[in-house]
Every structure is written in structure tokens, then in C-alpha cells.
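What follows is a single structure, and I will ask about it in a moment.
Going in written order, the chains are labelled A, B and C, and every chain counts its residues from 1.
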Amino acid sequence: MADQIMNSVSSPDGFWASKRRIEKFTKIFTTVVLSVGAVTMILPVIWMLSTSFKSPTEVFAVPPIWIPSPLHFENYPKAWTISGMYASEGITFTTYTINTLIISVLSCLGVTSSSSLVAFAFARLRFPGRGPLFILCLATMMIPTQVTMIPTFILFKTIGWYDTYFPLIIPAFLGGGAYNIFLMRQFFMSIPYEMDEAAKIDGCTNFGVFWRILLPLCKPALTTVAVFSFVWNWNDFLNPLIYLDTNSKKTLALGLTNFVSLYGQDYHLLMAASLLIVIPLVVMFLLGQRYFIQGIATTGLK
Amino acid sequence: MTSAERKEAISAYVFITPFLLAMIFMTGGPVLAAFGLSFCKWDILTPIQFVGLDNYKEMFFNDPRFWKALYNTAYFTFLSVPIGMVLSIMVAMLMNQKVKGIALYRTVYYLPSVLGTGVAVAVLWKWIFNADSGLLNYMISICTGIPMSECPKWLASEAWSKPALVIMSFWGVGGGMIIYLAGLQGIPTALYEAAEIDGANRWQQFWTVTLPGLSPVIFFQLIITIVNSFQIFNQVYVMTDGLGGPADSTLVMVLYIYQKAFKYYQMGYASALSWVLFIVIMLATWLQFQYSKWVYYEGELRK
Amino acid sequence: MKKFRLALAVAACLALVSVLNLVGCSKLGGAKIKISSWGSPEENQILVDLLNDFQAKHPDIKVELQRIPYNDYTTKLLTQIAGGLAPDVVFTEVGNFADLYLRGALEPLNPYIQADHMDLSGYYPQVLDRFTVDNQTYVIPRDTAPICVIYYNKKAFDESGVPYPTDDWGLEQFIAAGKKIMKTDAAGKVTRWGFIDDWVMPEPWVYDFGGSYVDNVKHPTKWTFAIDPDTLKAIQFRADMMGKYKFMLPPAGLTAMGGMGTGDMFMNGTVGMFISGIWKTPTFRQIKDFKWDVVMMPKGPNGFRGFATGGSGYGILKSSKMKKEAWELVKYISGEEGAKKLAQTGLAQPALMKEANTTFLDNSDPKNKKMLLEAVKFVKYPPMAKNWDEVTHSIIGPELDKVWNGTETAAEAMAKLKVVLEKNEPQAK
């Protein structure tokens, strides 16, 4: 069957002979498949959206309510101000947002710069111990954080970084984690070495090769690393939980826990808050799209 | 070493300074501490006691939950990784077209990954997997005519709880999609043009140009997703309220480690468990590197 | 170029350091004590008010409240203790009290109580007793929460023509009511169930049937769960409610809400009776569609009563360097002021009898909460063993899951558990 399709695709006078037909079919097929998938992706989010407008008793109504009436718009301001729980300290989700922004932006910068530097060395430079060091790097990804959590905590606390943002940001500048280093390394390796050579012949230093030749070619990879690290930091819960004490320093992920506690859960507010904090990420992603569309890639070494 | 080589080596060390600093100051200590702890008993509130290999002996000879956790973790990994990978690549290829509104589609597919794995998402999925009135069984009953009462009980059933987790993981294909998209963008169009001139059709181009060009990325994703799948925690924790139920059917390794460390005050044992998990993951990764001849690097590693 | 970039990085770091230092600085002078607590917004507000009052009365003591989400309480507390940042006063409940006490983390309070001639007779003796071991008190109780409260939907009872339950009802009446208030739609799907528990709780039934988990709660030496015949009957009963009498929601429908939305099910009328502690009151006061009230859990088969009980209080960690100040705080927040405020929210029954008998019994919903005063007589607490948590969640729990799902009978599960529990010893030292 596959053979028949393939043959008919390449035979000069079959139904598919016309290139335009193929293109048109592909476009329609793509759109249909994508749409079905998109619905699957977005349906749960729509439920979250609809729940964010419900009253507490409607959240788990059976059969499920898709369009609550009335629409409780007040859930949003209520969630944002955490029902006034911290009114005396002036803390609302605005506070959390600013804190999280600081952490995420700084981490993002740190990760993109340091991981690409380190990855360049692993991909392009020769030095003793390169192999073992890279393995060591990968190995750090494989230890569950739950167990290094306490020793790491003791470490940070001993150097006085408890209740500060340092434990959340500094690691980003120190390589940004094995995942990002690994990712960048793979991308560097997909670029022909001849380009480095050409630049070197022209008198470029290592750093010059890195900065002028390889980095620009890796825009999709860099964007990926940036987006991932930003999103990860934005949603990170465990680290802020154990390192932050003062209420005014807490982050968005921690802020969400205000709606769920032993004696009561405000799911409608939780949904509202969860959707609100996702909006900046979505916007960022939409705007960053053009770095994913690269157009013409490395066209040649000439 | 020649002076040129030495210069290169020094240059390299400067480049990897951030990484070295992290290793020495931030990772090294805690990892060694965790290693040491695995030979001790420690409940945090009383002093550490050295117990030699007791933890390991207990684990391998006296702990059925350990084997269950290992099995559950492997099951989840070996199901979700291959299928997820194929889905991600397919989606990435579809997203690589210049169809109208593709940016919107990409965002929609990436949206789930951006929502994280918090309580909100857990509530959502529990509703979807509700055996009596949830979305998934509802869709199944519409598409296949099986009445909802005969549909799998998902999170309430020992047999279907892990498949439920696997299905949940597919929702996150957007994450992989991004990586593959970046990879697809990196394949020179010149190669496609050359292949077309040689008479290759779309299907053949996929096998001869796309896949090899994508192979470094696939290799990367394979390693990463396997490592991550072995360490799955957040989703299981929120979906089962930290219990790994029903009847330990969703008890994955890291959940078990978390329980031992923070619910049952057994840090030493938890550390030992982590080291065993670590070795398993290392082994899996090493195997992948050993059998990585299929990966084609356009640029190649400088030997 | 390289050097320039390095310099840039260093400069950025320095800038970072200065910015973050500004954000991070908050060192005060004077005595400073820390208290850790979880809690809903109402609880938190009460505590914040109390702390402000306390600081007004004791200007030389500063109190810092550390709010930790309930689900992560132990994680964060342990992490802090390990890191040397333990709080001075710790909010604890009957479960993790045992964990802390058995590991020697709690400061004995008798010396302080005697020095201040504090009169503890105002507290429910049974509740205080939970926090007292070998005549030494470790925690001053704040509230008691017997899980014996059956919330019922009056409208559902009216519709089915069932008289409202009374506190002295027994199992037969409970089963009958549960079955009669059920509703099914035309397609045969259940639209209203008879009964559900807040989370999977065998304990209320085990105690109500006169069963047990250990031979001695405070000094357990062996697990009696699998060998006590009353326990078996209790487990069988809970399974029967789902399998035989079919008026209780089976796990399949439950996992929709996964133990999270069971209260919501009561609130939207999907279930007619709901067992939990009194703490659901503030949430349920939001119900508008129907009238509801509470009734005591039905008597067990021999007319016996026993209620699994929660409850919380404040203790002092041994590691504290400011024990005297911590004690002042504990005294104040466990006292009358706090109890009164707590009672007003309806959230919990204060451990101070006076407040429980007065403020708590105001005319707000639920009207029958006075039955809680009776309930105190029958409180039962979890065994005090270091491995209690693990045994109940990792050994007993998973096996019982199979019983609730119907893949095993209660007798089979007990037989398996007997073998395992015989080899296991409660660690009470």
C-alpha cells in the first residue's frame, strides 16, 4: 500500500502528478489534523477557563457546567488579591509577579549565556578530561532533586543565602544545568566545522568563533533554551518553597498554594489565578515565534 | 602538548569555568553528602547513625515496594517515551509548514507545557479521568459506543492507572515539538533541493534528509526524556495525593524516595534509593551512547 | 573579547548582589521568635490578629509567622530543622505530634506550666491527654476535631420521606437512610449517592466497631489491626456500603474529585450524607440550595462508639533558643482569646471547654453542633509509633485499596496483612 502511494506520487501522470494538488492536499490535511489535535490540547484549558467563572458550588457539578451563569467575573480580582488575606502587608499577586519576573528574567539571561559558553567548549575545543567531564555533567541530571535537596539547602543556608533569591538565580549563571548544556552542545555539533576553520583562518579567536559564527546560527536553540528556562523558573515551586521565608518575596507558584489548604479549597479562584499567571508565558511564546521560523538555514560555506 | 594545544585547552577551561564552579561548589558537596547518607540512618531530628550496607540490603532483599516502584517507573518510561517521541516529531513536522496561523497552533500545542504540574492541572486531569462522568470516557463512549460504565476506571483501577499517566504525558508533546522544530529549522534546505533533483519524493526525503539531519536532536531528546521519565514525580504526586495508589500501582521511584525522606523520616534510606535510581539511569544513558552510531552529525565532534 | 565578557559577567553579578541584598535585608534587634503554622485564610487571620495582640502586650518580643502550606508542612519544617532554622513554636496536630515527640524534638512543658501555675483543667481532659505522655505535657491544645460529624442534606431527606437522623441512631437506620435518599435518573445512572467520606477513611468505622490498630495507643508493642475481629467487621462494613448496600460512592467515581472534591459533592447535592470533621462548616455555610445539619455518626454494632479524632495545638521545639518567650506565646495563643475567635468561625471546636460550650454553640449553622460536646467522650487517637504513618499508608492502605475496589474481600486482605504485620513492630522508642 505504501508502495502504491509512493509510486503514484512519483509517477508522472497519476492523480498526484500535479505538484499543486500535492501541496493543496498537504495543506488541508495539515490543517485538519492540527485542528483536531489543537482541540485536544485546548479543551482542558477551556474547562479551566470556564471554572474560573464559577461559584464554589458549581465547580464539580455533574453534569459539568461549561458556561456558568452568571459569570462570576469577580473571581479574578478576588484571586489576584488573594481575597485580601495579606492586605495588611500589601501583598497581592502583583508582588508575586514582580518577584517571579526578577527571578525568571535573570535566570533566563544566566542560562542562555553560561550554557552556550560551556557547550561550545564541549563541542568545539579539545582539552584533557573533556570526555569524563561531559559524562559528569550529564550525570548531574540523573540524581533526583529530592535527595540532594537537604544537603543543598544546608549548603546555601551556611553561606547565608537563605531567604534570598541567590539560590534561585546563581545556579543559572553557573552553566544553567546539564540539560541546557547538552542541548546547546548538540546544536553546535550540527554545524559544519568548516565554518569555524574559515573564521579561524581569517584570524578569529575562539571566542570570536563562538560569538560571531556559531551563536547566530543557533538562534532556534538559544530561543528554545531561553523559553524553557523562563517557563521552568516561572512555574518552579519546590525551590521557592524551601528557600524563601518572607511573604513579600514569594513567587507565583507559591502564591497558588494560598487557595488550597487543609480545611478548604477554592478551586474557582485557583483556576482564575492559574490562568492569569500563564498569560505572560503565552504572550512571550507568541512573540518569540519568529526565532523559530528561521527561513534559510546555513546555506553553505561558500 | 604543543603550545597551540595548550592554548586551546586553557581557553576551553575558561569557557567551562561556570560549569566547574557549579560542580565543585553546588553539586559536588550535596551529591557526596547524599552518597554518604545512603550508608546511614537519619530522621533529621536525631543525630546521624552509620549503618553500613543495611539500607541496601533492606532494599534488595526485604522491600517489595522498591521492586514495585522500579517496575512502575520502567513501565511508564518504556511506554511514554517512544510513543511521545513519535508524536512530537509528527507534530513538529506538521508545525514546520507555512500554513496560515501556524504561530497560533504552535502556541496552543505548547500551552499545556506552560501550565506546569500544579494543583490546578491535577484537578483538571482528575476530572478528565473520572470513570463515571469524565471527559475521556465520555469521548470513548461516543467514538466506540462502549457505555461509560464499561470504560476503564483509570485512576481508580490498578490496571489502568499507569496508562492514565502515560496518556497524560502525551499532553506535553508541545515541549518536544519545540526542540524538534528547532532541529528541523537547522537542516539546510539545500539538502532537500539536492534530494529532489535526484528524484526523491517526499517520503524518501523524510528518510534520507530529515531523519538523519534530525538525529542529533532525536538522540538528545531520547536521552533527556528517558532521564526525565525515570524521575517523574510532580504529576504523580498531585494526581494521587502523594500516595501512588491505588494499591501502589502508580508508586514511581521518586515518589517512593519522597515518601521515605519527608513523610517517614528516613533520609538515609531515601538516599540509598536515589543512588540505585541514579545507577539505573546512568546505565540506560550509557547504553544509548554505546549504540549511537545511527546519529549523524553534520558538524561532528572534533576528535 | 573574552576578558571583556568575563568582566561584564562579574559586574552583572555585583549588581545583582547589591540589588538582592536590598531586597533581602530585614534583621531586627530584640528577642525574636518564630512560629510555624499552616491554615486556611480564616485561621491565618485569627493567628495574625493574636500575634499582633501578643506583640502589643509584650513589646520586647517580636514574633515572625511562617506560613507553610499544609501539604508541604513536614517537608519544609524538616528542611528548616536540618538547616538549623527551626521555628521556636510549632503548630502541630495529633499525627505529626507523635512523630515529633518520639524523635525527641519537643520540649516538655510541665516545668513551665507549674512555674506559671497554669490551670489546665479548662481543657478537655481527653484532648489534653493526647498531648501528654507519661504525665508530661508537650503541647497545649487548640482544638479538637472528632471525625464523627455526618453532614446531611435536609432537602434530600425531605424528598425521600426519610425522617432526619438523630444522634442516637444505629447502623440499620444509617443504611436504610443511605439507600432511600439515593436518586437515579431515567438511564439508571445515580444522580445522588447516599454517603461519602471526606477521604478514604476506614478509621472512623474501625473505632466505631470497637476495633483497634495496636494494643496500646501510647506505648504500642504490636499491631492488632489484622487480628482484631472487630476491625475486620469494620472494614467489611465499609466495603459493603459500596459493594453490598451500594449507597456509597465507589472509588471509581470518587477519583474524579480524588478526595479533593468530596465536600463539593455534598455542596452540589450529588451526595446526601458526608462524614468529616466540623471544619467543613465555613465552606458549607456557603451552600444556598438546601438546608443542612449535622448528626453524630451512628453507633456501632454493639451500641459502641469511638471516633477517630484530629486536633491541633502548639508546642515548643527543644532546639529553640528562646524557650521562655516561646512559652509566653504558646500560653497566649492557646488561651481564651484565641479559642473565642476560633469558635466564631465555626471552623473547629476549641479545646477550651468554656469557649466550646458558649461561643462555639452560637445559633449559626449547623444547628446540631452541640452534639460535639458529647462526642469528646469517645475520642480515639492514632497509635504513637514512629512507623505508624508508613504502616498505615504503605502497608495497610494499598492492601485495603483492593478491598474498596472489590478485587479482594476484607477477609483475604486481613489474612495477607496478618502475615506482614506480624513481622513488623511498632517503633515506639
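Assume a contact is a pair of C-beta atoms (placed from the backbone, for glycine too) under 8 Å apart; a residue touches a chain by one contact, two chains touch by 3 or more.
From a predicted model like this one, the values you see are computed outputs, not experimental measurements.
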item	value
Category of the chain touch graph - line, ring, star, complete, other	complete
A-C or A-B - the one linked by more C-beta pairs in contact	A-B
Farthest chain relative to subunit B (centres taken as mean CA coordinates)	C
Whole-Å separation of chain centres (CA-atom averages), subunit A against subunit C	38
Distance between the centres, which are taken as Cα means, of subunit B and subunit A, whole angstrom	15
Per-residue multi-chain contacts in subunit C, two or more chains	2, 71, 75, 78, 82, 256-257, 260-261
Subunit B: positions in contact with at least two other chains	11, 44, 123, 127, 133, 262
Sites on subunit A at which at least two other chains make contact	60, 62, 150, 173, 206-207, 257, 260, 267
Residues of subunit A touching subunit B in the complex	2, 5-6, 9-10, 22, 26-27, 30-31, 33-34, 37-38, 40-45, 47-48, 60, 62-64, 114, 117-118, 120-128, 130, 133, 136-144, 146-148, 150-152, 155, 171, 173-175, 179, 181-183, 186-193, 206-207, 210, 220-221, 223-224, 227-228, 231, 235, 237, 253, 256-257, 260, 267, 270-271, 274, 278, 281-282, 285-286, 289, 292-294, 296-300
For the subunit C and subunit A complex, residues of the former touching the latter	1-2, 5, 9, 13, 16, 20-21, 23-24, 26, 38-41, 43-45, 48, 66-67, 69-72, 75-76, 78-79, 82-85, 191, 256-257, 260-261, 264-265, 267-268, 270, 279-280, 282-283, 286-289, 347
In the complex with subunit C, residue positions of subunit A that touch it	56-62, 82-83, 85, 88, 106, 113, 149-150, 153-154, 157, 162-166, 169, 173, 205-208, 211, 241-242, 245-247, 249, 257-258, 260-265, 267
Parts of subunit B lying in touch with subunit C, wherever the complex brings them together	11, 14, 43-46, 65, 122-123, 126-127, 129-134, 153-158, 239-243, 245-248, 259, 262-265
Contacting residues of subunit B [partner subunit A, same complex]	5, 8-9, 11-13, 15-16, 18-19, 21-23, 25-27, 29-31, 33-34, 37, 44, 91, 94-95, 97, 99, 103-121, 123-125, 127-128, 133, 135, 171, 174-175, 178-179, 181-183, 185-190, 199, 201-204, 213, 216-217, 219-220, 223-224, 227, 230-231, 233, 253-254, 257-258, 261-262, 267, 270-271, 273-274, 277-278, 281-282, 285, 297-302
